[in-house]
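Shared chain: chain A. Partners: chain B in the first complex, chain C in the second.
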Partner chain A sequence: MLVQKYFQSERFVPDKDMDACGLFGVMNISGKRFGGEMAINAIKNMKVRGSGLGGGFAIYGLYPDYKDYYALHIMYQNKNLNAKRRVEAFLKEHFYMVYDEEIPTNPDITLFSPPIVWRYFVAPQKKNEELAVPDDEYVVSRVMYLNTNVDDAYVFSSGKDVGVFKGVGFPEEIADYFMLDRLYQGYIWTVHSRFPTNTPGWWGGAHPFNILDWTVVHNGEISSYGTNRRFLEMHNYYCTLFTDTEVLAYAVDLLMRRQGLPIEVVSKIFAPPMWDAIEHMKESDQKLYTTLRMTYAPLLMNGPFTVIIAHHDEMIGLTDRIRLRPITAGAKEDFVFLSSEEAAIRAVCPDLELAWTPPGGEPVVVRLNSKDHLLSVNKSI
Partner chain B sequence: MYSYLLPEFMIERLENRCIRCRVCERQCANKVHEYDGELDKLFSTEENCVGCQRCVVLCPTNALYVRPRVSDYRPNSSWTRDKMQNLKKQAETGGVILTGSGNDKPYRIYWDHLVLNASQVTNPSIDPLREPMELKTFLGRKPDTLKINFDEGEVKIESELHPNVPINTPIVFSAMSYGAISYQAYKSLAIAAKEFGTLFNTGEGGLPVHMRKEFGNNTIVQCASGRFGVDPEYLNSARIIEIKIGQGAKPGIGGHLPGEKVSDDIAQTRMIPRGTDALSPAPQHDIYSIEDLSMLIYALKEATNYEKPVSVKIAAVHNVAAIASGIVRAGADIVAIDGLRGGTGAAPLATRDNVGIPLELALAAVDKRLRQEGIRHKCSILAAGGIRCSADVIKAIALGADAVYVGTAALVAMGCTLCHKCYTGKCNWGICTQDPYLTKRLNPEISSKKLINLLKGWSHEIQEMLGGMGINAIESLRGNREHLRGVGLEEWELNVLGVKGAGE
Partner chain C sequence: MSRMNGMNVKFGYRDNFLGDIRPVDELFAQNVIIEGNRGVINAQGMRHKEINDVLRETAKKGVTDITVNNVFGQRYIGTRLYFPQNHKPLTIEINKFPGNDLGAFLNGHKIIVNGNAQDGVGNTMDDGEIIVHGRAGDVVAMSMRGGKIFIRDNVGYRTAIHMKEYRDKLPVLVIGGTAQDFLGEYMAGGIVILLGLSLKNGEPHRANYIGTGMHGGVIFLRGNVEQHQLGKEVGARELDDADKKIVAKYVHEYCSHFGGNAEEILSGRFIKLLPVSLRPYGKIYAY
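Moving on, here comes the complex of A and B:
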C-alpha cells in the first residue's frame, strides 16, 4: 500500500492536481490508419481550453512493425542519465528488448525543460514462478515499479501498437516537437489540452494517461478522488501522479481488463443512474443496477468529468451523471469524433453527417467494424 | 441520603410569579419541590435536584430557575469538587460510584477540530434542492468482484451476493434496550426508524413479540453476553443481528438491569422471571478468543439461513484496528465501533470516564487498517459514540464510516437533558424509567415525530454540505479525507487521522 510504503501517514500523500481541459478523439471504424492533422487542428481550435501547461496525444495502430511487443515510452526528467541506466538495467533483467531508440524530436521547437524520451520494444522475460503470471499483469507491475521506485524516470506508455506523446506546452507544440503529423499514423487519435490550476507543468503530469493499451484523456475534477484512490490501492494500484485521470485509468484497467466488464457496464459504475431512476426500472435492471452501485460504490466518479477512454478497437466518450462537463459526438462515413466542443469537430470535418450530444452517464462507444456509436444517438439531448 | 454534600444545583423561585399550581411538585420524581398548605408556599430540597430542568420548562409562569450551585470548596485544580464529593459518597457507602449517559470530561472532541471542504470554481457545487443528492447506504459485506454474464443482450449477475441492508440516510439509532429505556421511548425509535427507512437497535433487551411483524424490518437485534430475549424467532424477525462485545461507555464490563425495573412485559421480552436482576457478564462466556467469535457469527448466520448481515460491536480501545481486522476475518459483515463518549444507562463512573479511546481516532485507524489489508469492502463500519450533529456524521463518513449510530442525540430529541441520572430509574422525561407515572409523559406518536424530524433535519444538512463539496452521492465521501482538514491539532493526531492541517 502506497501509504505504508512511502508515507508515515496518509496525511502526507500529495494533493491531487486540479485542471480543466479540452479533449478530442477521432477514430476510423474500419481501422484505416490516418495522420495527425485532424487531431492537431481540432485541439488548436479549442486553444482557450488549455493554458500551455500540458498537452498530449495517444495513437493506436502506431507501430504495426512491432505490434507484438510492448512499446514502452519512457521519459527521463532533467535528462537524468543515471535514471536511464537504472531503468535499462531493470528492463534487461525483466524483459527481452528487441529494439530501442530515442524518440525523434524537432530541434527547432523550444519547450519548457524537455526530458529525454526513449522508446523500447520489449517482451516479458519471466522466470520460474512468474511463468504463471499473465503478460499484462507482469508488465503492469514492472511499470508500477519503475514509476514508484526510480526517481526522474516515468513511463509514458506501455501498450502494444500504441504510444503516448505528451509534455508541457500547448498540444500543437507537443505535436510539432515530436513531429507527429510527419512521422506517425494510426486509426485512433486522442488529444488533450490542459489547464491546470494548482501545479506547475510537469511532463509526466500531462495527459493522455496510459496503462498497457488503455489511454485516458479527461476533463474535470473528480470530487470522489480520495475514495476512488483508496479503493484502487486495495487492488494494488498506486497513484503516483495524483491526478483524477490516473484514478480513471486504473479504474478502467481494473474493471475492464482484470474483471472483464464491458464499457456499457463500466460506464454505469462510473456514472450510475440515480436511485430514483433505478426504482422505476424493470425488476431485473433494478437488481443489476442496485448491485453494481452497492458493490462498486467506491468507484463512482463524482463531480464533473468528461473522459475519452481508448484501447485497441474501441474509443469511448462519457460524461458524469449530471453532465457537468461537455461532450459532443460527430460522425462522417468511417470517421467518428468525440470532442469537448462541436466547433472543433466541424473545424476539421466541415461536411459532418451527424452531430449529437449524449446525456450524462450515457457512453458513446465507438467500435471497430461496428455502428455501436449510433446507439447513443436516440438518447441524445 | 449522603451527609455533608454540597447540593449540585440551586433553585430560585420567584415568589411573586409562583401561582402555587404545584406542577413542579408533581413533575419531579426526585421530590425536590414540596407544597406546604398551611403556609401556602412551595419549598425546595436542593440536595435532591439533578438539574433536569423539567420543572423549569413546565412552570406556567416561568417562576423557577435551576442553576449549577456556585458555592464550592477552596479552588483546587487537582482536587476538584466532583472528585471530593465522590470521595465523600464512597466513604459513606464503600460502593462503586455510578453514573449514566456519556463521558462528560474535557477530552478533545476531534469533530470540533476538523473542517470540511467546499467547491470553488474548479468544480461546481451542487444544489440539493435542484439536483438529486443521494444518501442511500448499504450495510453489509460487498463481494470482491462481480461476475456478470451476458445472455442475449440481458446482463445477469452470476456472483453470489452477501445480504446487504439499504438505509435511506447514513444514520441508525444505537442500541438502547427495552428495560433501560421505557417502552414509549423504545417504540418511538422503532416508529421513526420505520417511517424514515433506517434502523433501530434493540440493545440487549429483546424485541417484544407484538412488535416483530411491524418493526422487524427496521430492527437490529442484539445478541449480548446475557443472551436476554434471544431465540430463533427473535433473530429471524430482524434485519441485522449484532453481537455486542463491548460498549464505549463501559469497555470491558457487563451490564446490570436492577430487578425493580423488570416488569411483566420486560420479563417476558427478556425471558427472565419478573423482578429478577438482569445481569450481563463482562465477556460473552462462549467467546474467549477470535475463533470463538467466528463460531458465534456463523451460528447466528446458520440460525437465520445466511439471510442477515451479522454485526459485531466493540468499544474503541487501544488496539482497535487489529481487533476490527480480526472481526472481519472472523466473518462479521459489519463492525460497529463505539467510542469514548458513547452513552449508557448505567456505568461505573471510573470506567465511563477513563476507559477507551476517542471514536475519531479509532475510526480512522480501523478504516486505514482494513484498507491496508485489502478487506475494507468486506464489512461496513458503523461509528458510534458522541455523534452530536449532522456535521459530526459527515466527518465520520469522511473518516471512513459507512453510517453512524446515534443514541444520546435521539434521547435529547425526545426530551433528555443529560442530567446523567439514567441509572436511578427516576427519569422525569419518561425516557429512562419504568415508572408508569413517568413513562406516560412520553407519547410515542409525538416523540417519534421528533425523531423523524431529527433524521430529516440532519439529512438535509448532510445533503447541503455534500453538495457544497461537489458530491451527489454519500458513497463518494466515504474515507475521502481529502475533504477534511485539521485545525488546532498536534502532528501525531493529524497523522493518525490521516488528515492534512488546514492550509496544507
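Moving on, here comes the complex of A and C:
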C-alpha cells in the first residue's frame, strides 16, 4: 500500500522539475536484426534526461515466428485478475488465439508497482458483416474497446512482428526487467527515457505509444492536446493513457495508415511552415502548404516536441517547426541513429561516419533498403 | 485519477543528477595522472558532477593544463571552477564529445574541444575562452556576458540568445559556418561574427528570424542573407573602418585556432546587423 509522503510545509515539496525526456532510435537499413545493446547503452548515456518515472522500448522484427499474427501486449494494473478474465473472454470471442504467455521478467529487478504483463498472439475472428472490415480496422476498434471499457487493463502494443516493453523506472531497468538484451532482436529499436512534468508517471503512461505497428516516442509537450484529441475522437480514437503523446500515435495511424499520406506530408501537417515562410515559397508550394494547414488545422501539434515515429520499414525523426527540443541524426554503414543528444550516438558508435541536425519541421526519414535519410543532410547543420 | 489507485507519482522519483555520486578522492586516485603542471583525467563512465569534482580537485593540486579523455555527453564541464586566490586560469582540453552547457558560468578558463559540442555552449559564461574544433548545437552563448567563443563549423538554433555586455565586459562569439533560426534572438550586447565558410558560393545563410527581439550588440555577417530572413527588430548596415578592424582581429584569431586564410575570408562581403530600437517591446509591456 502506498502512502502519500508527509511534507512539513509547502517548501519541502519537490518542485516541478522541468527537464527533458531522452529519445534514441537505431535502425539497420538492410533489415538485419540485432540486439538491444546499443539502444540500452545510448539511453543510459542520457540518464539525466529522465527521472526514473518511465522508460520503454519498441522493437521491430521482434516475433519472426509469429509475424502473421497481431501480438497484443496487455498490462493488468493493481494485479487485477478480474480484468484479465474479462479481457481474455473478450479476446476469445473476437479473435483466434494462437498462443499466449506471461511476458517473462527478471525476478531480481525490483520496480515500482509492476502490473501483470501478458502477451497474446491473435488473428481476427470476424462474424457476418464484420467480414468486410479490414483486419487493421478490426483490431484498432477492439483495442479501443478494451482500453476504454475494462478498468485496469491496457493494451499497450498491438502490431504484427513488433512489441513495446515499458514501465516505471529508468529505461535500462526496464530493459533488465524484461531481459531485452538477452531475449530479443530487431532491426529497429526505439527507446525513451521519461521525465514526466505535467502528467503522472505510471506504467501505461511510459513511452513508446503504440497502435498496430506504429510507435511514437516523444520529448516535449503537446499544448494542442485538447484540439487534437477532439479531432481524433471524431475518427474513433479514444485517449485513455493520461498523457499528451497518445494523440501523436493515433494521428500517425489516421494519416499514414488510414489516409495513406507519406511521412513527408504528415510532418508538414504536424509541424507546418509559418505563414510568413509560406509567403516566400513558389506558388505550387504555397498552394500545397496552405491547403494542408487548412484541411488539417486540428492536427497541428503545437508546443515543443521531438518525436521518433516508427513502423515496419521506417523510422522517422521530427521536431516542432522552431525546434524547441533537440535531435541529432547519425549514420554508419547500414546503421542510422536518431537521438536527443549526439554524444549518446558517439558513445555507442565511436566511429560514426556522419552526424547532422535537421532544421525544425524537417523529417529525417530512415527507410529500409534506401538512403532516404541522407535527403535531410543538405538542409541540416 | 481514481483509476490510478491514488498513487503518489513522486514515489518512484530518484535523483538523476546527484544520485550515486562517488567520492572525489576515490575518483581522483583512480582516474587522474599528474605530471608537473599537466594532468590527464579519464572520464570514462563518470557522471557530470564527478567530472567537475575531479577537475576541481586536479586544479587545486596546482595543475593548470588538464586533458579530459573519454568524454561522452557529460554536462556542465568547466563550471564551478572558481578560485579566489591568485589562481592561474586553466586550460582544459576535452576529448571528444562534451554534453550540454559546456563551460556554464565559466570563470576565466580556456576550454578546447576536439570534437562536436552540444547545446548551451558557454551558457552565462563570465570570462575565458571556448574553442570548438567541430560544430555546436542550440543556444550557443546563451546569456553569455564575457569572454570569447570560437566554433569552427555550424551552430544550431537561438545562437547568442540574450547575450549581453556591461562596462568592460564584452562577449565575442565567432562562428565559422552558418547558423539555424533565431540567431541573436533577444540579444542585448556583445559581438557575434558569422563567417558562412560552410556555405557554397552564393548560398544564403540557413537562419531565419535573425535578431528577432534584438536590442543591443552587433552581428557581423559574411555571405548572403535575404531581407525576409531578418527579424523585424534589426537593420542591416555597411561596416565602417572601426568595424572592419574588429572583424579583422577576430577573423585572424579564428584562423590561428582552426587554420584558413584570414585575408581571403576578410575579402568576402560583410554586413552589420544592428537593433533598430533599444526597447522593441516597450510599447507592449510598459504601461
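Points to keep in mind about this one:
Note that in this section the second predicted complex is superposed on the first by the 358 of 381 C-alpha atoms of A that agree within 3 Å, B and C clash if a C-alpha of one lies under 4 Å from a C-alpha of the other, contacts with A are read in each partner's own complex, and residues count from 1 in each chain.
Everything that follows uses one rule, which is that a residue touches a chain if its C-beta (ideal position, glycine included) is under 8 Å from a C-beta of that chain, and two chains touch if they have at least 3 such contacts.
Just so we're clear, the structure is a prediction, and the values are computed from it rather than from any experiment.
Once the two complexes are laid over each other on the shared chain, residue contacts for A:R323 go to chain C alone; chain B is not touched. Of the two partner chains placed around the shared chain by superposition, chain C is the only one that A:W202 touches, whereas chain B remains out of contact. Residue contacts after overlaying the shared chain place A:K32 against neither chain B nor chain C.
Of the two partner chains placed around the shared chain by superposition, chain C is the only one that A:I381 touches, whereas chain B remains out of contact. Of the two partner chains, chain B is the only one that A:K287 touches; chain C does not reach it. Looking at the shared chain after the overlay, A:D276 reaches both chain B and chain C.
When the two structures are aligned on the shared chain, A:D151 is found in touch with chain C, with no touch to chain B.
Touch criterion not met for A:K79: it reaches neither chain B nor chain C.
Of the two partner chains, chain B is the only one that A:P298 touches; chain C does not reach it. Common to the chain B and chain C interfaces on chain A are residues 3-4, 276, 322.
Contacts from chain C toward chain A in the complex involve residues 1, 3-14, 16-17, 48, 71-73, 75, 96-100, 115-116, 118-119, 135, 137-138, 153-157, 177-182, 206, 208, 228. Interface residues of chain B, counted against chain A in their complex, comprise 119, 121-124, 126, 131-132, 134, 136, 138, 142-143, 145-146, 148, 150, 154-157, 161, 164, 368, 371-372, 374, 376-377, 469-473, 475-483, 494-500, 504. Taken in their complex, chain A has these residues touching chain B: 1, 3-4, 8-11, 15-16, 18-20, 197, 220-221, 223-227, 230-231, 233-235, 259, 261-262, 265, 274-276, 284, 287-288, 291-298, 300, 302-304, 321-322, 324. Across the interface of their complex, chain C is touched by residues 2-5, 14, 45-53, 77-78, 112-113, 151-152, 168-170, 196, 200-202, 242, 276-277, 280, 322-323, 326, 328, 341-344, 346-347, 355, 357, 359-360, 379, 381 of chain A.
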